[in-house]
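Two complexes come next, and they have one chain in common, chain A, joined by chain B in the first and chain C in the second.
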Partner chain A sequence: MAQISTPAQERSLWDRFIIGLRNIAPIYIVLILLLIGIGTQNPTFLEPAGFLNLLRRAAPLMVLTAGQLFVIVTGGFDLSGGSLMSLTVIGASLLINNDPANTWWAILVLFGIGILVGLLNGVIVSYLNVPSLIATLGMLLALRGAGLYWTGGAPRGYLTDNFRMFGRGWLEPFPVIERFPYAVLVLIVVSAAAIYLFNQTNLGRQLLAVGDNPRASRLAGISVEKLRIIAFVLSAITAVIAGILQGGFGGVNPDAGEGYELQAISAAVLGGAVLLGGRGSMGAAIAGALALEALFTLLNLLGLPKPLRDAVQGLIIIGAVAYAAYRSRRTR
Partner chain B sequence: MFFKNVKRPWFLIFALVILVLGLVACGGGAATTTEEPAAEEPAAQEAAPTQEEPMAEEPAAEQPVAAGLESDAAQVKSEFFSQEQYDRSMRQMTMTPEGPADQPWIQMLDNPEMVDTSQYAKEGPYTFCFSNAGVNNPWRVVGWTTMQAEADLHPEIAELIHVDAEGSDEKQIADIADLVASGNCDVLIVSPNTTAALTPAIEQACEQLPVVVFDRGVFTDCPVSFVQPIGGYAFGEAGARYIIDNCSEDCNVLALRILPGVDVLEERWAAAKLAFEDAPGINVIGVEFGDGDNAKVKSIVTDYLDRFGRIDAVWMDAGATAVAALEAFEDAGQPYPIIVGEDQQDFLVKWQENNLSGIAPTFPTFQWRTPIIAALHIMNGEEVPAVWRLPQPVITNENLDQYVQPNMPPLHYAMCGCENMPDFPERWGGTQ
Partner chain C sequence: MANAEEPILEVRSITKRFPGVVALDNVSAQFYPGKVHAVVGENGAGKSTLMKILVGAYIPDEGEILFQGQPIHFSHPREAQEAGISIIYQEFNLLPERTVAQNIFLGREPTRYGLIDQRQLRRRTRDVLKQVGAEDMISPDAEVKSLSIAEQQLVEIAKALSFDSKVLIMDEPTAALATHEVEILTRLIHKLIEQGMAVIFISHRFTEVFDIADTITVLKDGQYVATAPATEVTPSKIITMMVGRELDQYFPRLARPEEIGEVMVQVVNGSNNKLHDINLTLRAGEIVGVAGLQGSGRTELAQALFGVAPFTSGQLTLKGQDSHVKSPNAAIHARMGFVTEDRKAEGIFPNQPLNDNILVSVRALQLVLGRIKRNGTASKPHLVSELVKQVDVRTPSLTQEVQYLSGGNQQKVVLAKWLASTCDIFIFDEPTRGIDVDAKASIHEMIRELTQAGAAVLMISSELPEVIGMSDRIVVMWDGRISGELPAGASEEDIMILATGHREQEAEAAVETAV
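Showing the complex of A and B:
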């Protein structure tokens, strides 16, 4: 720490560069390297239109990760996010029933379902003392079953264009780059809101405190139960948003969110979140989601077969957690 | 925040970076090493080393290198290819089936050998038992609904007991044993989950009661009747042939598959690959697995459009994601390709609306009616074909209009043969 106590004007340029680097979460550097890797394979991705396309594709995962992080920092998991995404897509196709006029209230109903699911998750974890892994795994199965039961196995309607606009449409005309995807707009709004909630409000600080030491938080007068419920509700809301984006991008698909819950957890971990709670950064987690999507794209561009892609993803997650553990051991 | 006071040695940051790069590098290395043995496979199994594929030509300097037919995803394992069955399928596609043209589910192809079933003749009412591989995709949902409607047409069928194996071999083996042991079944209908695993279970059931197998096959001829449309080779070949016939010189083709290792899907691709290999001017720029996931397929197609600038035709081994593939062209502002889909309504509607140049080979869902009819013949002691080969219609630009049904759900399969059944269309999720 000797360098840090040196007055800034006395530091060499190199020292300042190193200090600056240290204050950047490693995921951002990984992300930049991945983007450079993609750029070498296919430069179109680094042009504005190509990059926006990458962001548009990554938007559902990035939004879901933002919600997941609220739960993770409290020391929990939300495994129900992916199946809530699927239920959102299936539900939208049923509620809208091919009539564009139904879109707006259908979206409200879907958010209602999401909030209900989040409340249920939170109450089960907080008051019934069911571990979140089990509670949300149960919710995952329940939502998947509900979706199947609701539709009888296959979706009954199309998604109307005004519903799909959020995931598929563009803001046109747009200065300089002609068109700007709505999905990226949604992503920016959600990210900004999540970062604000996490970093600038008491809620964010209290969520971290709950994850770090629930007992101490309770003694300090924080309502641990209430905060956990809020975290699950926030996570469920982002799952609904992610479902709307994903359904918009890809259309009706009963498995739209399959596997997304684990990807979101991976992304949060890549962004430096500690799985047992108490530590995490919102910006880095969202960047982690983009890095994960960039990694998939890069592996795709390199032409790797899917099993190898899965294996690489697994190794990277283990590596990231091992690194985080190593770092926290050193700082103690 | 937390990170303010954390001492963070900068070399660790780069350790993670190196880890990521190392993994990517390892992955790249592994992919190149697996490619070599894979590339030898087709030569070994097809015993045709003289066929140099067009892809082997030097790609132009600025053109991205296309793995195409040389890629891992393009290879067909020998266990999934039978020249005899391929030839049989090609022959049957040209035949005219026997039976009423407006009821393809009771038509038969290839002059089948008829089996005497008088030993099974029985007075009604009957209990039919059905061991189903799963109701886990929209094709099977439409099929199962159609089968129930068929059973409802016959008052002498008192009950249709349905056991869903949920896509698990183990569960289906147990299901079949339970159904046989219950002693309630007059006849057993099986749609096997996988071919080899279910064979012993079906052999055991054959000893107790008459069995009808349909949809996917088994390695035994003990079932009284085996009901199946012409099959995967004909499906794959029809789409590939349409592309070859309609795409001009220097045609960029992207082939999209669901997943490897499923016999019916492997057969579709094997036939298409054979056709593409022989065709001049066909440039297969990629063979990719999309997992049947719309978002994934759309991303894959978008990436290929970026890399190659132009895709002239898209071949698919199943049509569920055809609309997503087309949307990738719309979003990129590119003209629609020649497209191979299936008889799913969302695709047919899009095809008609946009006047696409397309084709839809089908694995018809009307085949779910036939096993009930075969089982009734057996109960009546009437002759049934040992192999009931059903026709496999292909939807083309010319007959498209008769299959488009905007009142049906997007994932409804048009070839259900269910339009004149009671409670159509509501029972299938449609509206009047």
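Showing the complex of A and C:
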């Protein structure tokens, strides 16, 4: 078969570099600017240890955002992620019951609960035709209630060290920088898996297709219902992982994941995802989560109190969506 | 009482252009009080455009409209309605969650001390319902969604009467009605014209046109053909006026007998809630054209074959094997492809790049966790660029988002999608709608190449020249049934006789006289 040349293949390497530079997601530039801003306030953050610490703190949100993006590109939301994180922390403390030997099967049970929650979300949205916003809002409340009921109102016990290792432990010794946080290791593995699934497999392309045009997807032979369910299950799995990291970092706290679902949606939007589906980038969404965490850090370094940080976050989300709408209007 | 000699509404030399098409070309017509005036013509003849111009939904590019002898310039249907010209579309303009009274007096509710006067609202609603003879049938407080289609139509008519309309326009008023409901409507229309109203209606159903109308106007391709009193013409004469144009387009040659091969699709007594007793055979190497007016079940036939809304009874055989195509996925597994009528809603993924658009169906047959090839499949890594070349998509790159391509190029992308999944049974629904002339000819050429390569093609089209020019056989649909089959080169007249159910009515008449 003769090689058929197309204009894309005729472009020189330099042209493609320039085009690539122009197509780079703006969030990466925002992220670099934020990191520079942090560096000017406190240069230790940009040293390897300081930067790894920033990543460690950002890891739960970055992992949760990766899962959230799978749902967002199909045109849905998953609001239950944050309370699933909380339930994971509460569940871990109760299941482990202060005995380190229980940690491993407890983690398996927590993943089982997560997958069940994801399946439920997916089935409710796909087969009962409940809009995902409502279905997962209901799930958010149900999980929060279940968590409180399980603890009997107040959390008991503590989390064993072998469980908390994932969130706050360090891999030692480590070449060059002496020690490396486990949380960042988990983050790298999850991000790599998410980017692979999203960019390299049929799954990613089909999720985008479903979000872009569900009718055409069905007519092209895609099982729209099955794909939506898979997206919610992936989102729930990342919520359990985020919960394990957050529990390790912060200890037992029944509100460990509160607000995380909205931050994850914000992060995905900052990364250029379109809330009606069909458009999104995994790398940029994860970078969006890091940028959000970097922003909080910067506002903290600048001495802004927490309520003001929340307000700034809200304004930034509105600004990001308005900017995306402005850009898509201009290209049309 | 108005003078029956003077038209109440008149259009003079109306021309209306849309991008790429002249919808109405220098059309004139007069409408008289106390008369029922039917406007007939094929799909795309300009009937609906004319009606929309009468009520100000469209502004004509040229020509004038006279109402009661005065030139008028409506800029919104509301203005026409207040002046006394009401229109009832096929899709009613009613709010389903509101009551009958709220709908009829929407936006002009009687008030008292600044609040809605419920008692007066009900009383006035009962008055207009009485005028349409529905006061015992429909309560002013009934929610519109609880009413039948026929009752909703009566509410629409009552609404028109509440505006003191002098002209009532109805688009396909009988399309959704049962026989006895048509009789009720006919009686009501007669009552309205006795009161001096002018009624204008569009219909594809010749029985009703001849039962109800005093005058018939025929449009063809946006041009005025003739106006005649209903008593002086016959259905076949009207059909002759509706059709009959030169075949000026070039079409690829028809299939040679030796090119037609085995039976690929066979339907025996296929039925579902929209289709009745479909019997259809489709062979390798042939194009079977499907003609029929809007609502005749053409698209439903395609959807039944492709598993979107499958047959619920009867037998479907694909390549000699009993098949139950219950979903599009099953149809694609059986190597069927469906180029849909509504490209934007059902064919393309506008925000996705060209290569993903073309590969979507191939990938739907693969494992969901299977690894993708950007521009092809594992066995054919350059599939996309080959197909882009084969169907001649004009695109700057293989990753161009499809929303930025022209309509013709988008249609070629949809075709390439089915070529990629190696289909050998193709269903085309309006393959060249909204596509410029050049792209049209090349799509016709490609469809013929498919059959020459051994595929079977079912091609649905509203454009009779396209059906006649392309098809090796023509199947005509009417009322959810196949009303007849015609050989290649059948005339437009033959098709229209079957498409309007005219032959059926002749047969019924013959039975009646025999009894």
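One rule holds for everything that comes next: the second predicted complex is superposed on the first by the 312 of 332 C-alpha atoms of A that agree within 3 Å, B and C clash if a C-alpha of one lies under 4 Å from a C-alpha of the other, contacts with A are read in each partner's own complex, and residues count from 1 in each chain.
One rule holds in what follows: contacts are C-beta pairs under 8 Å (C-beta built on N, C-alpha and C of every residue); 3 or more make two chains touch, one makes a residue touch a chain.
Since the structure is predicted, the reported quantities are computational estimates derived from the model, not experimental observations.
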Could you classify chain B and chain C on chain A, in the superposed arrangement, as clash or fit?
fit
Touch test for A:Ile230: chain B only (first), chain C only (second), both, or neither?
second
Of chain B and chain C, which one contacts the greater number of residues in chain A?
B
One more residue to check, A:Gly157. First (chain B), second (chain C), both or neither?
first
In the superposed arrangement, which partner chain does A:Asn53 touch: chain B (first), chain C (second), both, or neither?
first
On the A-aligned overlay, A:Arg279 touches which partner chain: chain B = first, chain C = second, or both, or neither?
both
Thinking of the overlay built on chain A, is A:Arg16 touched by chain B (first), by chain C (second), by both, or by neither?
neither
Rounded to the nearest Å, state the minimum C-alpha distance from chain B to chain C in the superposed three-chain model.
5
Set intersection of chain A contacts, chain C complex versus chain B complex
1, 208, 279
Using the touch definition from the top, list the residues of chain C that touch chain A in their complex.
306, 308, 328-329, 331-333, 338, 340, 345-352, 356, 359-361, 363-372, 382, 385-386, 388-389, 396-399, 417, 421
Chain B-facing residues of chain A, complex
1, 18, 21-26, 29-30, 33-34, 37, 42, 44-45, 50, 53, 57, 93, 152-158, 168, 199, 208, 246, 249-256, 258, 279, 281, 295, 297-306, 308-309, 312, 315-316, 319-320, 323, 326-327, 330-331
Residue numbers on chain A that touch chain C, as the complex places them
1, 3-4, 6-8, 197, 200-203, 205-206, 208-209, 212-213, 215-223, 226-227, 230, 274, 278-279
Per the contact definition, I'd like the list of chain B residues that touch chain A in the complex.
1-3, 6-10, 12-17, 19-21, 23-24, 27-28, 30-31, 34, 64, 67, 71-73, 135-136, 138, 140-142, 289, 291-295, 297-300, 302-303, 306-307, 323-324, 327, 331, 346, 409-412, 429
